[in-house]
Amino acid sequence: MFGQIAEQVPLFFNYHNLVFLLQAAGRTLAMTIIGCTVGLVCGFLIAVLRRSLSIWLLPLRLIGIAYVEFFRRIPFLVILFIVLFVIEPLVPGASLLFIATVSICLLSTAFLSEVIRAGLESVPPQQIEGASALNFNAIQTLFLVVLPQSWRVILPPAAAFIVMFIKDTSLASQLGVIELTFAGKMLVNRGFSPLLGFGAVLLCYFALSYPLSRLAAYLEKRLASP
Amino acid sequence: MNYTFQFTEVWRELPYLLGGAAVTLQIAFITFWCGAFIGIFGALAKVYGGPISKRVTSYYVTFFTNTPALVQVFLLYYALPDAGVLLSSMAAVLVGLTLNAGAYLTEILRAGVVSVRVSEMEAATALGMSRLQLLRYVMLPHIAKTIYAPLSNFFVWLVLGSSLAALFGVEELTGRAINVSTASLRSIETFTIVAMIYVVLTVLASGSLALVGRLAFRVKAKVF
Amino acid sequence: MHHLEIRGLSSAYGKTEVLKDVSLSIDKGEVVSLIGPSGSGKSTLLRVLIGLTPPTGGEVFVAGDRVDYRQRKQLRTLRDKMSIVFQQYNLFQNMTVMRNVTIAPVKIKRRPSKEANEAATRLLEKVGMSDKHDAYPNELSGGQQQRVAIARALAAEPEILLLDEVTSALDPERVNEVLDTIRSLTDEGITMMIVSHEMAFVREVSTRVAMMDDGQIIEYGTPETIFDAPKEARTREFVSKILRH
């Protein structure tokens, strides 16, 4: 086996393959970045919604809770399938990349909203009372006092979850999205040894995830309660 | 949109699907306990081991936690035959997920081991406890309390993670869902019901784990 | 017309009545202190006044106008005229001292920054914190934080200032610097309500003292009356216990 691999190495590491892998990595990264951005924004909205006490927002609040509890407890693969079968009839020309990205957005919103909610709740109520006594309205209190103080509780787990999302995108290969895992499969189909093909793909994933993991660990250490 | 939801066909297949849920739980159990076995050694190596074992364990953990489980299993399934080892789909999935789980569990168990407070150990030693007594009365209860919640969460995560076995033809819950949906063409209904089954599974799992935790270890855990 | 009038105010927490039918009138410029054992409802009274704890009965009048604590608009108007300083200072941890003091005037009262900054500088000087403009709360001692909290409350230009056990959380060495600050304020004509355990201080600065116990005002009179010649048995008991130290 290793003799075979040794033969293939120079053929494998040619320009074409590297560009191919890079493009695939780009798609993996794109899905993750878009998914996480949407996840942070929507997750933030749901988290704020869940903390509000207004009666008018109760139905929305219940929807938010149901959403988060549902999408946190099903496998990403199942989310992919559901989104696929729902979107296909609705949006005929939808690309697979689009479907996969929507799925990541749904997943990340659910997880990140919990992280953000925990962060918002970690701010001592006295801070909110201080703001209230000074006549801050709810929005001012949220953005000027609560949110700036919740970063330290939000960032470390958020970074860890983003690493998880990078790895989840590999399941999109099942749909046919030409991201890193699919690229690996294609290379193996072209005749390269699986060790080389998937090994290269693993290295790419590692290159994407590891810096983020280190950042998460660093943040955890730095932002731990004094 | 002219699509009428028909759940009856899928409803008929419920026993079949629930059988898949049983397989899912089996996969989760096996990978959890085998992974825990690896994890204990890994944690001990990282905390008490020499420089080489520390480094090797570190590499193992870093590698498996920063790369997707799917690709890890692909590697096992497609690359090993070249070396003469033919693994069945189930075997490849189990081995792959176990190695993956072992890495995460190493970290969880390690956090537990280092969480023992030196001050408690000193107090116990000063009281004259032997090393074995220290282990039993000071270290283990504290470690158990610290790791119980992360372990429960991790088990639930494994239940969900087992779904990738479906991509290798294993007939666990997601695998059977794919079968049912292709046979009945009722994809949305099938996967909605299967999603519900997963939710029920995870709620039951975290609920019962929380209960056990409260009774056996006096750990207060949140289900929701 | 009294500046602040409280009639039959009650507040309950679930089934527990924390304030029972409290009545009090305070004239402009007065300094009224509330004393009494823990749990007597002193802090709750202040919290109800500023609208952080809802009243379950009774009425509050500020300068003759009744305050409806359920209406947001009225709460706003009330907090324009009334400020509170908390036992735990409650400074905004994510802002510097200067920002803590200027944020309400700038964001709520919409004063121009320059004006707010100048006012803040003067206030910080008054409380003795001029050299700490850019410090963050976690870099300051308890006493320093409390003085900034007082400056922040004053920046809102209140007619009525509520001080809720502002020295109780401080190290003994720090207590005096805060009391000095408050003492200087009492000469300026702001109406003040002080909850405190510092009896000597209370006696010195108050125009009148109210003794509270079990959610009610037991006795209300001048410091001389309350401390030297209390009419009620419970007041006598409390005062003698405290003053023995």
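Going in written order, the chains are labelled A, B and C, and every chain counts its residues from 1.
Simple rule for what comes next: a residue touches a chain if its C-beta (ideal position, glycine included) is under 8 Å from a C-beta of that chain, and two chains touch if they have at least 3 such contacts.
Because the structure is a prediction, the values reported are computed rather than measured.
Can you figure out the chain closest to the middle, judged by Cα centres?
Smallest centre-to-centre distance to the global C-alpha mean: chain A.
Report which of A-C and A-B is connected by more C-beta pairs in contact.
It is A-B, judged by the count of C-beta pairs in contact.
From subunit A, which chain is the farthest off, judged by mean CA positions?
Farthest chain from subunit A, going by C-alpha centroids: C.
Where the centres are mean C-alpha positions, what is the separation of subunit B from subunit C, in Å?
55
Based only on mean CA positions, could you tell me how far subunit A sits from subunit C in angstrom?
From the centre of subunit A to the centre of subunit C is 48 Å.
Quick one: subunit A and subunit B, Cα centre-to-centre, how many Å?
The separation of the two C-alpha centroids amounts to 20 Å.
Please output the residues of subunit A touching subunit B within their complex, sorted ascending.
1, 4, 69-70, 73-78, 81-82, 85-86, 89-90, 163, 166-171, 173-174, 180-181, 184-185, 188, 193-195, 198-199, 201-202, 205-206, 209-210, 213
Hey, which residues of subunit C end up touching subunit A in the complex?
It comes out as residues 50-52, 76, 79-80, 83-84, 86, 88, 90-94, 103-104, 107-108, 138, 152, 156.
What part of subunit A is in contact with subunit C in the complex they form?
Subunit A residues touching subunit C: 126-127, 129-136, 140, 144-145, 148-149, 226.
Using the touch definition from the top, list the residues of subunit B that touch subunit A in their complex.
Residue list for subunit B touching subunit A: 1, 3, 62-63, 65-72, 74-75, 78-79, 82-84, 156, 160-164, 166-167, 174, 177-178, 181, 187-188, 191-192, 194-195, 198-199, 202-203, 224.
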